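Dumping the structure here so I can ask a few things about it.
Which chain is which? They are A, B and C, in the order written, and residues in each are numbered from 1.
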Amino acid sequence: MYNFIFRRALSSLGVLLVATFLIYVLVDIAIDPLQDLLQSTAPNKEALIAARVQQLQLDVPSPVRYLGWLGGVAGCFIGKCDLGVAWTTNQQVTDILVSSIGVTIKLVTLATVVAMILGITVGVVSALRQYTGFDYTMIFISFLLYSLPSFWVAVLMKQWGAIGFNDFLANPELSIGVILLIGVVAGIIWQAIFSGDLKRRLIVFGSAFAVTSGVLWYMIATDWFRKPSLGPIVILLTGVGIAFALTAIMAGLRNRKALYAAVSTAVLIAALWYPMQFAFHGANAGIVFGLLVAVVAGGVLIGWLWGGYDRAVSMRISALVALLGFGLLFADRVMQAWVPYFNSSAINGRPIATIGSETPGLKGSFWTTQLDSYTHLILPTLVLVLVSFAAYTRYSRASMLEVMNQDYVRTARAKGLSERVVVVRHAFRNSLIPLATIIPLDFAGILGGAVITEKIFGWRGMGTMFLSGLQKSEIDPVMAYVLVIGFVAIVANFLADLLYAVLDPRIRVNA
Amino acid sequence: MKIKKWAPLAALVGATLALGACSTPAPGDDNPTTEGTSASAGPTEVRVGWNQPMYSANQNTDHGNATANAVINYMTQAGFNYYDKDLKLVPDTSFGSYEKLSDDPLQVKYTLSENAKWSDGTPIDAADLVLAWAGLSSNLNDKVETDEETGEVIVGENEVFFASGSPGTALIKDVPEIGEDGKSVTVTYTKPFADWETAFGVTMPAHATAKLAGLGDDATANKAAVIKAIQDNDRATLAKIANAWRTGFDFTSTPTADQNFASGPYIITEYTENQSIILEKNAQYTGDHAGKIDKIIVRYSEDPQAQVQAFQNGELDMLAPQATADTLTQLQALGDKVEIQTGVDGTYEHVDMVQDNGGPFDPESYGGDAEKAKKVRQAFLLTIPRQAIVDQLIKPLNPNAETRDSFILLSDDPNYEKMVAENGSDFYKETDIEKAKSLLKEAGVEKVDVRFLYGKSNVRRANEFVLIQESAAKAGFNVIDGGNDDWGTMLSTAQDKYDAALFGWQSTSTAVTESDANFRTGGLNNFYGYSNKTVDGLFDQLQTETDPAKQAQIQIDVEKHLWADAFGTTIFQFPAVNAWNSKITGVSPISISPTIFSEFWNWEIAG
Amino acid sequence: MSENMSNTEETRAENELELREVAGLSQGQIVRKRFFRHKAAMISLIVLAAVILLAVTSIGWGPLPGWWKFGYKETGALTLPGGRPTLQLWGEGGFQIGDHPFGQDELGRDNFARVMRGIQTSLTVMFIVATVSTAIGILIGAIAGFFRGWLDTLLMRFTELFIVVPVLITGAVLGKLYGSPTPVILAIALGLLNWTGLARLVRAEFLSLREREFVEAARVAGASNTRIIFKHMLPNTIAVIIVNSTLMLSSAVLLETSLSYLGFGIQAPEVSLGNLISEYQSAFATRPWLFWWAGLFIVTIALCVNFIGDGLRDAFDPRQRRVPTVRALRKAELKAQLGAPEATPTGIAVDTLEADRPVVDRLESEGDSDGKDSKN
């Protein structure tokens, strides 16, 4: 095994060397750092050209310059990275890289996590409801989203998601017809997910319709969009709901100990609302993280206290409930910052932003800056989720179908296990194995930056660094991008291969 | 049993509730919520959208010379003069004054105002002007050696290199003479120079440059050290100073206190890399241009559509996007929330023809018959549908657009009307296929192939090409699509691959010497082998002519020759769209840098 | 988790029917039958064919003349102010098509002709990309998977090399070398970069196939390597290949669109759907016809191709059938006990036989063909 890893690492390094060399030469062909000067009207043009040729060593053939660049990269091993200079702005590439990786990670992590959770959920449900209306609708929607060019989505999103929504916020009112219509749509979706016979469908439809329109009406009536908040009651109700749902999926409602553990965690979370107001006051990221850990640990403890024959399950469920519950508490606190944020002069009643990653010059508490960064994140995240969600839906649907047809699933059913146990324990877990091998590969692509999304929303991440380097004829930022992406891609490939072997014993490692 | 299990939870809940009850009552709004300090009607701010982030506070170096830097520096650095909305050069006497002492030799005295101070309180004085001379003139630079064989330029490690300088300031050979009060200098040109008024001014603070160069902390001592190093030509110290001057003021995020100096009404207080720059009032500024807005925020976004949508969404108050007809319509749809000014930009589109590549426009192709070649050129120029291009492609963006009929002058130049009336451009006023045909007949040629170079990915140029191709075909020209994204390089290096080229020249000032290189025999931007001895002679005169009236006359004479020789044709001046929130008053964009920022001190938020 | 009773019956009847149908048919016939039964795929196939037919006949293709009155390069006067479309569904004068049903651009060019030309270009690009990358992918994957050992290692590292090269750089290099790339050159270049996923996939298939008995048998019978690869093994991987090539088609259209948006794709005066929508993205609110028609066709083509791919997958993969629910299984058992012989045998036998193929392969096929690079 170690031998395999060692040989693999060595050959990967070789690949990286060859790739960077080729790309260096290619990029050198593609760009022309003298272009702006050749078009310039400056009377001292020749001197300027000569100076630039000298500065960028343009008289040296590109393979030789590559060696120089490589020398700088090699410096990284001894802690002195020199990735060159973006010559038009005289910036160290290492500096640009650090800031742009940060931006990219901020932009894409949330989107990826959301897309993954949403995609896998929809994919699995779709597989379990194969060839039903829900399945067809989801296939259609995911194919449709998959067929949309992302800048198209982005432009439309800005128009309706930002400008439109902000206009709505200026006067948040919906006619009763619209509210009912949204309720009907929600009802249709929910009944399709639950499926079953007509009676069951009608019940689901009815309750989903009632709840959705009711909540919506309440939100409009209380001007919730202008003054959003959850409050302990909503947190309690949602928390208990989550507790029931998670128990139903992970342990079955018949496991009373698990249910009690989950519900008591939810109650505790709601009870924590009041003291948390003090704990959150003047908080920073560290404190919040500490609180999160404490709350989750509390959940684990509650699960352990309730015990039962399957203590681990109770603990897991309680921990999850605690995690999500903390999310509610956090969201509630962020919402409290909404009113002053909404009314501040920098926002001026139009919170959803279309460009940049923050409102320039906005000063405020941790919560205000959090809120500000969310209002900026929401649109690009939505765009990324929409275009990448489809892929996850398809992976997980296919994988789930595959697994559901396996013999061990038949066996499990034959043993008389409940459908829940079959799906959650036997099928779902195994269907995740192939997904686990795709995610590393995906991650490489993600770090590459969402070039188009970044460009449209004015975020300057990895993609923009690469693109602007190419446009401004700066070879060093382009190469830094290639280096990082290449490295990550190769490592990810390697990891994927390893994961195949580790997770699925039927695959032999050979390299 | 059951009760026992619930007990811990009950205890916990009880405890937390008790804990809450013991502490300060009434959580929620008033207690923990202290955010939103920026709320309420506090300072006034204006948010301007711009496409490229600033990267250097010193725009006088080769690499810092960009509009992105110039627009910010325009607000943070005061100067001896500026262009007003009629493109007239206006002196700013609250900063300093200058006067021409003599014409030959050209001698100018610059005197700084008593109150002129840097943002750290240090007075702006002669030391800063002496440093400016060192930086702008290139006369202290180490001789750049050129390798005979390769043409390679060799600059050593510790050598003095400020910047490549400009031909104007290079004429000031001697160190400026410092006046007795230490607030003035006199510079002497070795030859008269037409554009002397815009050639010289304060650049970077001398004391800060010296500090960055590692010469010390004390402002007064530093100033003296800079003057001394320059006067004594102390190479070692100069190398450090040059280096600090050239690169020390580069930054792409909030600058350090050692880099951040303002002599103008605003100073950078926060710079979020690639996102925005916040400018606030410079407390030390006492001049005439103190702004009325407390905070100017410049936000960066490349995509014009994104800027327009951000404006619609209230994230921007002002923008000057590279608009298309559609973005303009989108802005107009906002009704009275927006003020839109459509106008022209300093760049003009034109068609040039290569006259020495053996192609259709080269006399060599007709056995050296220059007259014949000229007729072919005239015929081709007559087919270019200038008016149609303006009507179809430019008018949607600038309803008042007209064809540009001068090679040298911007259409908002005070002398433009007179120029157009006299320069002979009216020969090409109308697209005239018949005349073109008869000219071709006179020249005795029929089917003419013209390889046409333009920037391929530029949609507008591709559209212009389509129109030109169609129109020229009617007169018998076969215009071959030579569109290429590498056109900029090809212009000067691949004349054998194209016969005519469509592109734009950008004017950055109204300096009269700017067009010299475009039309002079062997001029740097005369890629086409155009040569007219009379034109060369006129340019020689223009170089040293300092009387504006005579300058204008020489320019007209030059153009008469250019049009008569069928050098090429000008088509239109780039349209510019400036838009701002209608609650802001006093905005007056101009066609050259700093465009929409021009006279920002008049900006005011109404109501 | 319960199913509608009648629905279950239906399912069951269908299953039986399927088994009966399959009996005595060749693999190709089974696939065709299954595919024709996939409604969405069939509709997509028809729509796609209609779109292609419309695009090719309307403005003609190459030497073929078209029936539409305007060429895509022809400028002209604006029929309606602003170049609004003359297509009208209702209102004064009722339904009418008019001269410029999709409107005109600022030069008065007919948008219908331009969109049609765009479809032609985009389809050309898409087919070339898929052909080139499929060919290379198969070749490299087959050789690597069949010979294994050092050749495999070498080829796989070679594949990684191509994963690292950003597509945009190719666009930029092409722009430099060819002025602006013609659709064909661009497509070939993209094809040369896009094969890595398929190669990995074919390799995985080959790795598992080469251990199978029939390959062993062929070898014993003295077949050459070439023969084994092309006659015995390749036909067995055809499912994976076809499905993935189809999906590559849709990602190629989107890739071309993205490149156009970033200025590295097909450029005017050449027209592609991608450069139409990227050029007119700012027109979406003001001259919507220029933005929406081209966009509509991109979405239609990509959607059709995806559904066809989905149909092919279902048709080729016998395991991708309905997941039997508990109740359906119970019913089947019951029926078997009561003596209904058709229900039990073949279906399950096929499943178990195929089950030893690694699960990963299929998923990998999805993963790689979904090439994220085209959608960012």
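Basically, a residue touches a chain if its C-beta (ideal position, glycine included) is under 8 Å from a C-beta of that chain, and two chains touch if they have at least 3 such contacts.
Everything numeric here is computed off the predicted structure, so don't read it as measured data.
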Open item on the list: Which chain has its C-alpha centroid farthest away from the centroid of chain B?
Closed with: C
Open item on the list: Quick check: more C-beta contact pairs at B-C or at A-B?
Closed with: A-B
Task: Rounded Å distance between chain A and chain C, as computed from the means of their C-alpha atoms - done: 27
Open item on the list: Taking the mean of the C-alpha atoms as each chain's centre, how many Å separate chain B from chain C?
Closed with: 49
Task: Inter-chain centre distance, chain A versus chain B - centres from mean C-alpha coordinates, in Å - done: 41
Task: For chain B, residues that touch 2 or more chains besides their own - done: 305, 486
Task: Contacts with two or more other chains, residues of chain C listed in rising order - done: 175-176, 281, 285
Task: Multi-partner residues of chain A (at least 2 other chains) - done: 32, 155, 159, 455
Open item on the list: Taking the touch rule as given, give the residues of chain B at its contact with chain C in the complex, in rising order.
Closed with: 304-305, 308, 324-327, 329-330, 333, 392-393, 396, 456-457, 459, 462-463, 465-467, 470, 481-486
Open item on the list: For the complex, give me every residue of chain B touching chain A.
Closed with: 5-6, 8-9, 12-13, 16-17, 19-20, 23-24, 27-29, 31-42, 45, 47, 55-56, 62-63, 66, 144, 146, 150-155, 164-167, 247, 250, 252-253, 270, 272-278, 295, 297, 299-303, 305-307, 309-310, 312-315, 486, 488-489, 491-493, 503, 505-507, 513-518, 524-525
Task: Parts of chain A lying in touch with chain C, wherever the complex brings them together - done: 11-12, 14-16, 18-19, 22-23, 26-27, 29-32, 127-128, 130-131, 136, 139-140, 143-144, 146-152, 155-156, 159, 196-198, 200, 387-388, 391, 394-395, 398-399, 401-407, 410, 413, 419-420, 433-435, 437-438, 441-442, 445-446, 448-453, 455, 463, 466-467, 470, 478, 481-482, 485-486, 489-490, 493, 500, 504, 506-507, 510-511
Task: chain C to chain A touching residues, read off their complex - done: 1-5, 40, 148, 152-153, 156-157, 160-161, 163-166, 168-170, 172-173, 175-177, 250, 254, 257-258, 261-262, 274, 277-278, 281, 284-285, 295, 298-299, 301-303, 306-307, 310, 319-323, 326, 329, 351-352, 355-356, 358-360, 362-364, 366-368, 370, 372-373, 375-376
Open item on the list: List the residues on chain C that touch chain B in their complex, please.
Closed with: 73, 75, 106-108, 175-176, 179-180, 263, 267-269, 279-283, 285-287
